[in-house]
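Chain nomenclature is as follows: A, B, C and D, assigned in order of appearance, with residue numbering initiated at 1 for each chain independently.
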Amino acid sequence: MREAVAAHVRDGDTVVIEGFTHLICFAAGHEIIRQRRRELTLCRLTPDLIYDQMIAAGCARKLVFSWAGNPGAGSLHAFRRAAEGKGPALVLEEYSHFGMVARLSAGAARLPFWTMRNYMGTDLPRVNPMIRSVSCPYTGEVLATVPALNPDVTIVHAQRADAQGNAQIWGLLGVQKEAAFASDRVIVVVEEIVDESAIRADPNRTVIPGLIVDAVVVEPWGAHPSYAQGYYDRDNEFYIGWEKISRDPAALARYLDEFVYGLRDRAEYVEKCGDLERLRASERVCAGVNYGF
Amino acid sequence: MREAVAAHVRDGDTVVIEGFTHLICFAAGHEIIRQRRRELTLCRLTPDLIYDQMIAAGCARKLVFSWAGNPGAGSLHAFRRAAEGKGPALVLEEYSHFGMVARLSAGAARLPFWTMRNYMGTDLPRVNPMIRSVSCPYTGEVLATVPALNPDVTIVHAQRADAQGNAQIWGLLGVQKEAAFASDRVIVVVEEIVDESAIRADPNRTVIPGLIVDAVVVEPWGAHPSYAQGYYDRDNEFYIGWEKISRDPAALARYLDEFVYGLRDRAEYVEKCGDLERLRASERVCAGVNYGF
Amino acid sequence: MMTAVAARELRDGEVVFVGIGLPNLACNLARATHATDLVLIYESGAVGAVPERLPVSIGDPALVTGSLMVSSMADVFQCLLQNGRIEVGFLGGAQIDRYGNINTTVVGDYTHPTVRLPGSGGAAEIAIHARRTVVISRLDRRAFPEAVDFITSPGHRINGRTRRELGMPGAGPTKVVTDKAILEVNPLTGELVLTALYPGVEVAQVAAGIGWALRSRDRLSEVAPPSQRELHLLREVLDPKRLYLKQ
Amino acid sequence: MMTAVAARELRDGEVVFVGIGLPNLACNLARATHATDLVLIYESGAVGAVPERLPVSIGDPALVTGSLMVSSMADVFQCLLQNGRIEVGFLGGAQIDRYGNINTTVVGDYTHPTVRLPGSGGAAEIAIHARRTVVISRLDRRAFPEAVDFITSPGHRINGRTRRELGMPGAGPTKVVTDKAILEVNPLTGELVLTALYPGVEVAQVAAGIGWALRSRDRLSEVAPPSQRELHLLREVLDPKRLYLKQ
């Protein structure tokens, strides 16, 4: 991970670490903090704890998002302090989930914009001039548009991939595929590396092809405290506990010192977290299908 | 199948029977011929033998397509006779594959059009006024557009589904999902009905949700002479043999009499085809994945 | 009780777009009682979810395990929501105004907010596309101002213009379920009016929690209290840890 | 021999969009010889296909079994082709003209064709987006007219306009492999010119199969004949049934 971040994440980059609740790559976020990247434009539908930590660590110049809360637990206070003028400045560019999905869909298709029937009656276009409109060349209907989002680098966490980065994901897919195809550089982080034959045995599960991947990193528990379906559950206690930590800048700083700056890598993080085994997933293995002909 | 076609396919309808080489529902096409539907607008990327048969049978008023050949074997002669003015009149509306995919994508999203960077320098827009353009509200780039395609009825063949029509497909996906979501009515035809629990055991395999399905039909070998991955191989001899049959209107008429009009249903077809077992798929079963948490 | 009342708004077999928090609880209660064939769709992509535990978030792994389908988010918003397949959308909000406009973005000025809220998430498009939406919120003058500070999810009148004039496919927030009463939209004026009271609640108490001159329907109905079964399910089965049930 | 020559146009590790017929055979030959890491992508959705038998169609089940990924066709055209991920596209055609424009739609007038051909399929967008395309066709005056009857896949000059002027991302048909010679584009004029002859073939024989005044590069190279290994693979291993190898 150290090498991948050093090689592919640069100061000033537009960075996407995606994953909707599922497969959020905290391991990559922590390494970016450790390497003290600055002036990043961070994009995610849900900034979640990982971007709250990166904002607190001073990595971000700008945040592009659609829902900035702590799912099921409260607020992202580093984000709120910045947004409410009580913390370091942070430029905000805000959409709805559909808008962010559309921006990445356009980016993945290398089109300059995406069309939606959306935003009429909302105040979002008033505060975000990038939400515009286009007239249908057939019906004349005026539809909303958002501009393509093409990150410099996208980091996707997946359950497994082969050495070339052909990555397979099951459970919630979020916008991992769109973000990867939209990006100039792609880092795939996985719970486990498998032989190419394991990928080829079930090609319909492959979400990201190796031909668009620049680096593959194996990082077990790399998505903790978020989760990896079939590997480990979400650490809800940590999410609930974040409310208290992030509310207090000093406590947040202590957390970063202890769990990010103070550690060399993910292995040390896993060790420091202690009993993560309590989150280990139960066995609910599905049957395979026949690819014969 | 008799009931499903009687209930959901009406004279004058816009009909899509999709499946790219894989899972082409000949069973439904034959039943539509048997029930003597007329004035249909038939849409498919590749009309294939099934639409050649439906054109010959007089079901079609119009054909919307992007590649009208007999893959790997020659021509679709009923189509050619119509197109070359040597047969019954047939209105043609022609796109490229990307254009047809885009039309169905727009239909599935219930948008009036879809945008592509395409068609510059080709003669297609000259002969098809439905290929138009739109200017990007951000860059000013002029991009090609195609109108949404929203069929009255779409027939999708799948490997398996539950009684509600939650359908799972593996192998080539074609545009089955887009066609189903774009359609007012959806008929799902499957090789086998499985218990809902089998679908729920592997939800990432589900391509079409039952909530958009109007009828579910079980029709083993229903895609023959096309194929169903994991069930049976493509009957390439039949495809090659079609060149000779379709070249001669009389031979084609005899084929329809013998294999469509002369039979009551698919079961009789399978029996009449004789040894289809030679096409039975070999076993190449992949491993399952863990959905536990 | 608010949750039980909200759950009753769902009819069996309906396709529901489930939001985080109380809506999540209400939908799972409905599925456990009168609407066993309810199809729960989460913006995270889970379709036909049958969570074995109360989902902590709308991306909970329990929503995936045993569901009918997992869609990409692009398909959720384009092929399900924009496609018009969602019959009911459940929304909450920090502010709900006279015309059912909802604010989940900022309290105060957008550029210099006194409170920065999470933002839209999928709420803007749900409010626009779901065939109808049901809103859940506790009564409170700050929560029900005459006009919201920011329109995240449009209601029935936006600067005097109707949903139809603005081209919105869905019917919008037809009902607002609170902890003291139920408000419904007056289709003619687009205004939320009082239509039902919880047992023992007076009109004045409701009016006290509303920031505009609340009109009432001539004949007010009384909301049936939650049954023992509903309470048992909520407190002992669905939310024993009181994740959502604060009081 | 044409197939073996075409196969040599592929470099190891390249991402190739494979068409039906001879291109299919050429790509599989390349994979079996000098380009073992060639990534074969078929418009049907198979990515990284390793067919155990010669695919009869681009939708053959053998392309799926053991492939790296199966994409929906929407992803193939939007996320792979339009995204610029395809390095080489292989095209054939009934007519190829002086500027590399290809016709696979109609011979004669579009509305009253003498011969109705299959149409574009994915050819139009491949010709526009692939970083470069290689065309395979037997020499024949009818196949190489001065100008095609219908432009299905654009070449280097369309009514005098260049690809850049028309906004096409790809470089277009840089090489045309025939059964007697190889033509390449002159980047200045956009015209196809003779650059290499098969052993024993005279310039006059080539010119006889071309419908325009064919220009030649000053120094013509000679195409190396297919090796025993190439011939063996083609005839005995890849296409023993002569599905594609007609002569």
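Basically, contacts are C-beta pairs under 8 Å (C-beta built on N, C-alpha and C of every residue); 3 or more make two chains touch, one makes a residue touch a chain.
Treat the numbers as computed from the prediction; the structure is a model and nothing was measured.
Student: With one step meaning two chains touch, work out the least steps from chain A to chain B.
Tutor: Step count on the best path from chain A to chain B: 1.
Student: Does A-D or B-D have more contacting C-beta pairs?
Tutor: B-D
Student: From the C-alpha centre of chain A to that of chain D, how far is it in Å?
Tutor: 40
Student: Please tell me the distance, in whole Å, between the geometric centres of chain A and chain C computed from their C-alpha atoms.
Tutor: 28
Student: CA centre of chain C versus CA centre of chain D: separation in Å?
Tutor: About 57 Å, centre to centre.
Student: Can you list the chain D residues in contact with two or more other chains?
Tutor: Residue numbers touching two or more other chains: 46, 61, 64-65, 70, 82.
Student: Mind pulling the chain A residues that touch 2 or more other chains?
Tutor: As it turns out, chain A has residues touching two or more other chains at 110-111, 116-117, 141, 170-171, 173, 177, 201, 204, 227, 229, 233-234, 281, 284, 291-293.
Student: Dump the list of chain pairs that touch, please.
Tutor: Every pair of chains in contact is listed here: A-B, A-C, A-D, B-C, B-D.
Student: Which residues of chain D touch chain A in the complex?
Tutor: Within the complex, chain D touches chain A at residues 15, 39, 46-48, 50, 61-62, 64-70, 75, 78-79, 82-85.
Student: Considering the complex alone, what residue numbers of chain A touch chain C?
Tutor: 20-22, 45-46, 65-69, 71-72, 75, 79-80, 83-85, 94-98, 101-102, 105, 116-124, 127, 141-142, 170-175, 177-178, 227, 229, 233-234, 236, 239, 281, 284
Student: Could you pull out which chain D residues touch chain B in their complex?
Tutor: Touch residues, chain D against chain B: 20-21, 43-46, 56-61, 64-65, 70-74, 77, 81-82, 101, 105, 110-125, 128-129, 150-154, 158, 161, 163, 166-169, 243.
Student: What part of chain A is in contact with chain B in the complex they form?
Tutor: 110-113, 115-117, 130, 132-139, 141, 143, 145, 147, 159, 168, 170-171, 173, 198, 201-202, 204-205, 227, 229-231, 233-234, 281-293
Student: Where on chain B does chain C make contact in their complex?
Tutor: Chain B residues touching chain C: 108-111, 166, 177, 181, 196, 199-201, 203-204, 206, 209-212, 291-293.
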